[in-house]
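Paired with chain B in one complex and with chain C in the other, chain A is shared by the two complexes that follow.
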Partner chain A sequence: MAHIHLEDGSFSLFFVLVWWAAAIILVGIAIYLIRAEKKPDRRKITLAAFCTAAAFAIFQVSIPIFGGVHLNLTPLIGILAGPAAGSLVVLIINILSSAIGHGGWGLIGANTLVNIVEVVVGYSCFRLLKSTIPAFLPRAGIATIAGLLCGNIAMILIIVISGVQGVNQSPGQILAGLSLIAAVNMGVAVIEAFITGLIVAYIGKVRPDLLGEEK
Partner chain B sequence: MTEKKPGDTKGLVIFIGLGLLVIVISLVAYNATGDMGIEERFTHTLGLETGSTEADNNGWSGIAIEGSTWLYAVLLGGLVVACYLVFRHFRI
Partner chain C sequence: MSSTMISSHIPDLDLITTYAQREGTFFSRVSPWTKFSGLLLVILLITLTRNLVICGILYLIILGLYASAGFPVKKLFAWYTLPVLFVISLVGIMAWTEPGTPVFSWTLGLFTLTLTNNGVILIVTLLLKALISVTYSLFFLMTTRYQHFSAMIYRLFPTPLDQIFLLAYRFLFLTLSMTGAIFKAVRSRGGGIIHSIRIQGQIFAEVFALVFIRSFDRAERVHLAMISRGYSGKYEAGTEIPRPGLSGMVVIGVFCCVIAIIVLMVPNTGGIS
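== the complex of A and B ==
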């Protein structure tokens, strides 16, 4: 899904540092919000751990759809762990992914930003749609599509702003090409939305308290 | 049996409609770009030199692990152990 699949050296050192700094600021805010809670939510910590393992596992599996893509589960992370813990989860996933050679080390900052957008939008849509769409499956599905769409837009913006070293295309040409990638990615977003919807619907049925909802 | 709420059908219709619309757009984009893996799609779009393709190690099923499979197993095993310890400690 929305993940910058470029190697180290694709972005100039300046933009590597810019995106790393932006990611560190957002993660810093997330840590501050978690620490500001008077009593740490034990369930959220455990859920965040499970989300990290599950998302890391699914992140590396290339599925032969649309030529080979992978799922992210980032909106699901947002829905289950919340935006603050979710931001930490995606940072860890991106570090671990780079450790096994999926994505460059220098792109961890940029990829974390993309994934934080997906987490925050997924979480926000799921909460905002509660009164309009009470059912878990469609609500989580729509939130996932919205989250991944915004993640793709963030990915395109980051690449267009940074530029890619060794590429002679104009920003307009890069934008057009990346828009096609994002459009292909969104086809997989529908599959991810369905999977997320089923998972959230099941959790909502057996343990609605984990979603912060009453039975 | 769970009671159906008023917004449930509307939500499902919106979700299915949105999903179908996105899939149609995606198929059009897929046909325009051709059959290639996500990394190839990136390098091809940006006009970069392509290295090895995902098709090289996809096996018969087409499903493959990106990056180093050995490190993947080690890290995933570590995460599973960490989850177990957190679960035991906090008892959700």
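== the complex of A and C ==
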């Protein structure tokens, strides 16, 4: 996987609450932005719901590369749903994932923060690079790599700030261990970027309107 | 294995929902709010305690509840794969540098890696915590009806989050079934054969893209159908959720007292700050 899902019991109660509060603030902003739209598009809600279902279903698939890779597709969610709806989508995916043990209930806040970073960076890069790199495949690939890299940095920061319960090491030692995990994650991120690029290129051929771009 | 099951190590949502809808156990009649409160308390306890014995006992109790309800234990162990992987990913490296009494050393060139007793305890404790969480979650899912979950989502989340959640929860089964069907079609045409990374990636990317495109097509059709049936932007889930009974409240009260006693009296507890 391109990032890990933190499991229950990893953080102390204080940091569980801190990251939950931070995630609630960001999700609150996303809800406010969607509600504040002058002409609320009800279709967007249905599309976001199907995006959630599709992303969750795809996460269940193990790709037979290097013994099995699961994709999170968070940057793709950002590209398709946008940063506001995308933030809500990743929160729901994290709740559904927690229900089946992929990430802890208490850690939904921290996991959602990491995913929101991936969604926002993925979306922003994809839009900003439009004039520089018009082709979908490399643009989506770069956006995915950037999103997952920033997500990994966010994950490392969250873990270093919180500390892991039961670990009696200095932040420097924890950082060294996490850097190795991040390096492995980024290796998987390259596969995810390649596949996301292909997905976006395919969608761009068949339904460019879904990417907010003309044929 | 249901038709929608895509990986054997991922919990099968169809099977889970079948158990929930069948309501074949005593626990199915317990109020969903009682079970939800139980979930919050379980998470609170495993967040607060670092005591291996308490984690072990709690895990055995929850596993016992799961097994006594007649749910598949072998499948549960297969479904532990990803939670275990996540824990090992996080602390598998840190455990080697944890101070303590060495139990195993491994020399690799100039470096010597030492696994200490504290490193082993760290891995086992976090593994148990993750398994407690996933086992109780699945127990909760398998004893609570779909309608009750929908009604809980509707009551707990603000709009439009509740709307996206409710629709996604409804569409999830359709999408899983569609993904499973596409993969079956790909495998039956030789797609399961191992190819190069590029070809393998392309096959999977096209399947995933197709899942998204079909999902969006379906979303548009469903949206129009909903409008034609009077949908005004508010999808309501009005099912009455059974309130907690007296026995349910007693169980929750006792659980709260147990947590308070553990936090105050048992060593290695106090993961508050």
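In this section, the second predicted complex is superposed on the first by the 191 of 215 C-alpha atoms of A that agree within 3 Å, B and C clash if a C-alpha of one lies under 4 Å from a C-alpha of the other, contacts with A are read in each partner's own complex, and residues count from 1 in each chain.
We take it that a contact is a pair of C-beta atoms (placed from the backbone, for glycine too) under 8 Å apart; a residue touches a chain by one contact, two chains touch by 3 or more.
Just so we're clear, the structure is a prediction, and the values are computed from it rather than from any experiment.
When the two complexes are overlaid on their common chain A, residue A:L13 makes contact with chain C while staying clear of chain B.
In the superposed three-chain model, the partner touching more residues of chain A is C, compared with the other of chain B and chain C.
Applying the stated contact rule after C-alpha superposition, one finds that A:I181 touches each of chain B and chain C. When the two complexes are overlaid on their common chain A, residue A:W105 makes contact with chain C while staying clear of chain B. When the shared chain is aligned, chain C comes close enough to touch A:I34, but chain B does not. In the superposed pair of complexes, A:P138 makes contact with chain B only, with no contact to chain C. After overlaying the two complexes on the shared chain, residue contacts for A:G172 are found with neither chain B nor chain C. By the touch criterion stated above, A:A189 is placed in contact with chain B alone, chain C being left untouched. In the superposed pair of complexes, A:T52 makes contact with chain B and with chain C alike. Of the two partner chains placed around the shared chain by superposition, chain C is the only one that A:Y202 touches, whereas chain B remains out of contact.
On chain A, the surface touched by chain B in one complex and the surface touched by chain C in the other have residues 4-6, 10, 42-43, 45-47, 49-50, 52-53, 56-57, 60-64, 70, 96, 99-102, 164, 166-169, 174, 177, 180-181, 184, 194, 197, 210 in common. The part of chain A that touches chain B in the complex is made up of residues 3-6, 10, 42-43, 45-47, 49-50, 52-53, 56-57, 60-64, 66-70, 96-97, 99-102, 129, 131-135, 137-139, 141-142, 145, 164, 166-169, 174, 177-178, 180-181, 183-190, 193-194, 197, 205, 210.
Only residues 2, 5, 7-8, 10-12, 14-15, 18-19, 22-23, 25-30, 32-42, 45-48, 54-55, 58, 61-68, 71-72, 75-76, 79-80, 82-83, 86-87, 90-92 of chain B touch chain A when the two sit together in their complex.
Remark: chain C residues 6-7, 9-11, 13, 39, 43-44, 46-48, 50, 55, 79-80, 82-83, 86-87, 89-91, 93-94, 97-99, 118, 121-122, 125-126, 129-130, 132-134, 137-138, 140-141, 158-161, 163-172, 174-176, 178-179, 183, 194, 197, 200-202, 204-206, 208-213, 215-216, 218-220, 222-223, 226-227, 231, 233, 271-273 touch chain A in the complex. Residue ranges of chain A in contact with chain C, taken from their complex: 4-14, 16, 27, 31, 34-35, 40, 42-43, 45-54, 56-58, 60-65, 70-71, 73, 76, 80, 85, 88-89, 91-92, 95-96, 98-106, 159, 164-169, 173-174, 177, 180-181, 184, 191, 194-200, 202-203, 206-207, 210.
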